[in-house]
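Please read through the structure below; I'll follow up with questions.
As written, the chains take the letters A, B and C, and residue 1 is the first residue of each chain.
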Amino acid sequence: MSIMKPVKPGQLFMGKLAHGCDLLEEITNICINENIKLARIEALGAVQKACIGYYDQNAREYQFIDLDQHLEITNLVGNISLKDGNPIAHAHITFADETGKAFGGHLASGTIVFACELLLEALEGPEFTRGLDEETGLPLWTMSE
Amino acid sequence: MSIMKPVKPGQLFMGKLAHGCDLLEEITNICINENIKLARIEALGAVQKACIGYYDQNAREYQFIDLDQHLEITNLVGNISLKDGNPIAHAHITFADETGKAFGGHLASGTIVFACELLLEALEGPEFTRGLDEETGLPLWTMSE
Amino acid sequence: MSIMKPVKPGQLFMGKLAHGCDLLEEITNICINENIKLARIEALGAVQKACIGYYDQNAREYQFIDLDQHLEITNLVGNISLKDGNPIAHAHITFADETGKAFGGHLASGTIVFACELLLEALEGPEFTRGLDEETGLPLWTMSE
């Protein structure tokens, strides 16, 4: 069953990420520092290299793909919620190479920022906590109706 | 002429869609249930298979492409407005396959959710109603200045 | 160092862009007309042709790619800030062709709208001004901690 929860807007943050930082880890660190437990995130920019995940729905595990090239980030979309009590960023990302060809997947550690503009919209609401979802094998939100 | 209307933020909803549901129909159903007539939507996740549209600008009709494979949703962006008095979701979607290669288009029925995290931001404002636009052949908003 | 600034929500605008307009220039003109100096933008739609940039991180210059074909806009994400005292739009865009194959990059002038639905969320906050960033060669925000 689909479950949608009412949430309220919280503090907004806009800015740029450090050249050379790990994109996923940096977003997580910002949320820890700002004590953000629930948020939406979006970004654009460029990376020095990327690591993306693809979830094998049959094997129920992520495969990771290293893209060892300079890429534009044409889009990053994601959210912040809690896992084991700590803020965790879940984001998907789309890239383009020097021919304009697009790639994408689940943002993984090892994606290194060249330049990145981030918008972080904190949200207020019930706790969104990730736990193992038996149906998919993924760490989905454990919310009930 | 471009026409932009001032709108105001309404109720925010964040949550997850049911494993196995039809992505486009489920978003529409949520809006009907919550009585939402205007909104922005965004999502990320994965699908069991996808159906996307490409609008042939010369023939003035959609061509539909079936992607019968497991794909990551790297981005979904769209809106809710009214058509024939009922909420209608218009969304475009980007996918990535197991090699990271990206695909996309106009979200059509037949796109089946594996897992999906949705943010729905209701908006308050003038009625946004879709009707035939003579210039493009598309069901665009019939607003005037 | 990553630098994130608190900002506040401002006026929201939702609407459609004129058939045949230049996507980047039209967004900029709307912001000039509405006196918007800081904002987030998102869009979906279709274009008659596109021009996208890829930043060569070694040569420190943009390469531009002309896509002389009808394409769906599967996503546009970006922001408005100031450069030399005037509003400037920075957006990245993802397209899909008639086979569903995706392309993308830095939105450049020469991208001509077939149909486009735009959401513009003005923001209030400190001035975000672009100036040359020595580390990357890009016109990044010149904010300090």
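Operating definition for what follows: a residue touches a chain if its C-beta (ideal position, glycine included) is under 8 Å from a C-beta of that chain, and two chains touch if they have at least 3 such contacts.
Bear in mind that the values here come from a model prediction, so they are computed numbers and not experimental data.
Overlaying chain A onto chain C using CA atoms gives a rotation of 120 degrees, to the nearest 5. Where the sister copies chain A and chain B meet, the same residue numbers recur on both sides for under half of the interface positions. Chain B has its Cα centroid 21 Å from the Cα centroid of chain A.
Residue positions of chain B touching 2 or more other chains: 9, 75, 77, 94, 102, 104. The residues of chain C lying in touch with chain A in their complex are 1-9, 38, 40, 52, 54-58, 63, 65, 67, 75, 77-79, 90-94, 102-106, 123, 125, 128, 133, 135-136, 138, 140-141, 143. For chain C in complex with chain B, the touching residues are 9, 11-19, 21, 26, 30, 34, 42-46, 48, 70, 72-75, 77, 94-102, 104, 114-115, 117-120.
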